Amino acid sequence: MLRISPAPLDSAALLKTFEQDVGNAGGIVSFSGRVRSAAQAGKVTGLHLQAYSPMTETGIEAAMSEARQRWPLTHSLVAHRIGDMVPGDTIVFVATASKHRRAAFEAADFLMDYLKTEAVFWKKETTPSGDLWIEPRSEDYSDAARWSAE
Amino acid sequence: MLRISPAPLDSAALLKTFEQDVGNAGGIVSFSGRVRSAAQAGKVTGLHLQAYSPMTETGIEAAMSEARQRWPLTHSLVAHRIGDMVPGDTIVFVATASKHRRAAFEAADFLMDYLKTEAVFWKKETTPSGDLWIEPRSEDYSDAARWSAE
Amino acid sequence: MTKILYFGRLSDVTGTAEERLDLPDHVETAGALRSWLDLRFEAKGALLEPSVRIAVDSEIIFDDEPLTQANEIAFMPPVGGG
Amino acid sequence: MTKILYFGRLSDVTGTAEERLDLPDHVETAGALRSWLDLRFEAKGALLEPSVRIAVDSEIIFDDEPLTQANEIAFMPPVGGG
């Protein structure tokens, strides 16, 4: 399931609903990413995330579909916030469920790498010295490259 | 933090508390393992998990300490249920927090491998044809061996 | 009229996130559009960077591909969420 | 008296999870304890398996190590939770 919305994300509530949907599948992995108060440009007071529908949705759905092909998942969820946020807000929540815990870990990791480097989002940080658009770090690209190197 | 108890585990509530403790750290990974209704011996109607204090606690704390040495974690949590459970019950909840999402993923994965293969627990499944003590699968051992091969 | 979108840092360069334009006849490909708009905005090459991709009606196209019947054209700098 | 614990499947073999015993004088090492108890329970080698480890007062010891002043001895078959 994919959800992109400017509404606040509540990881605990999302995990609860996900676990109910999943039933008895053995293992569930979740990742919550939050807006940091410090980043490349120093202190961050706000973050704006821009999406481009339907390219953003299409791309994430394709990544979720690839994850289901590569790993035996019973369920997966990507919830991504867009619009204006402040430090501490949850910006992304990903959950995967599988009978095999290795599959759940790897698929969540894979989806996060996709979201960080390939998902159609643009990110702007507000700092005391002005606003700054942030593009992926080289670390994000090398993380994502792991999956195609296999 | 380590918690071993026969009380039911509520993953969503544990994640909520963990996120509050963690504050603004960038990424949080969680793993919830639940009692399956089907296993090696067919249908499972109940599970009993036995610990041996303080060896169980000492071992898990050592693994958590090793995880903190290997990865730049800001927080980690292992909550493990013991005693009698039924399918669908959460048996283990692990959470890790780090500024680096790769670190949070790897540390949670590492802790789960420890819990599956080295943590001092004994597991008995109740099936229609009787009770059966379960020892780790070879898959669990090969998962755990990944960490020492590095 | 064609809708043109400038995402991320490009909207700072162009001063707008969205506009509607009649494309001149000689602007037939994605590459020609880049050159024309980069001059028009005095963008000093910001719209020419290979890392900036162009989507026509939600499909990424190469610079030598035609803009035929485009309703919406997006200039997309490097992406990344989470 | 020494407290002896049998964990996991071993309690099915011995019929008890816990007992208190006076160890005979000749049972001075972990290995000797294995042999003595395996015979006593007619356990057919279940207590002799190398995968079954012995802990004395919460420390794993080898078969040739002494049981000196042991208060609690545990027979631990292969472990694994989660």
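So that you can tell them apart, the chains are marked A, B, C and D in the order they are listed, and the count of residues begins at 1 in each.
As a convention for this text, a residue touches a chain if its C-beta (ideal position, glycine included) is under 8 Å from a C-beta of that chain, and two chains touch if they have at least 3 such contacts.
Predicted, not measured: the structure shown is a model, and the values here were computed from it.
Asks: Please flag the chain sitting at the greatest distance from chain B, going by CA centroids.
Replies: C
Asks: Would you kindly tell me how far, in whole Å, the mean C-alpha position of chain D lies from that of chain B?
Replies: 27
Asks: Averaged over CA atoms, how far is the centre of chain B from the centre of chain C? Could you give it in whole Å?
Replies: One centre to the other, that is 50 Å.
Asks: At least two other chains touched by the same residue of chain A: list those residues.
Replies: Residues 33, 101, 112, 116 of chain A touch two or more partner chains.
Asks: Would you mind listing the residues of chain D that make contact with two or more other chains?
Replies: Residues 82.
Asks: Identify every two-chain combination in which the chains touch.
Replies: Chain-chain contacts present: A-B, A-C, B-D.
Asks: Spell out the part of chain C that touches chain A in their complex, as residue ranges.
Replies: 5, 7-9, 12, 55, 58, 74, 76-82
Asks: For the complex, which residues does chain B have touching chain D?
Replies: Chain B residues touching chain D: 33, 49-52, 54-55, 58, 80, 91-92, 112, 115-124, 133-136, 140.
Asks: Name, in rising order, each residue of chain A that touches chain B in their complex.
Replies: Listed in rising order, the residues are 11-13, 15-16, 19, 23-37, 87-88, 99, 101-102, 104-105, 108-109, 112, 116, 143.
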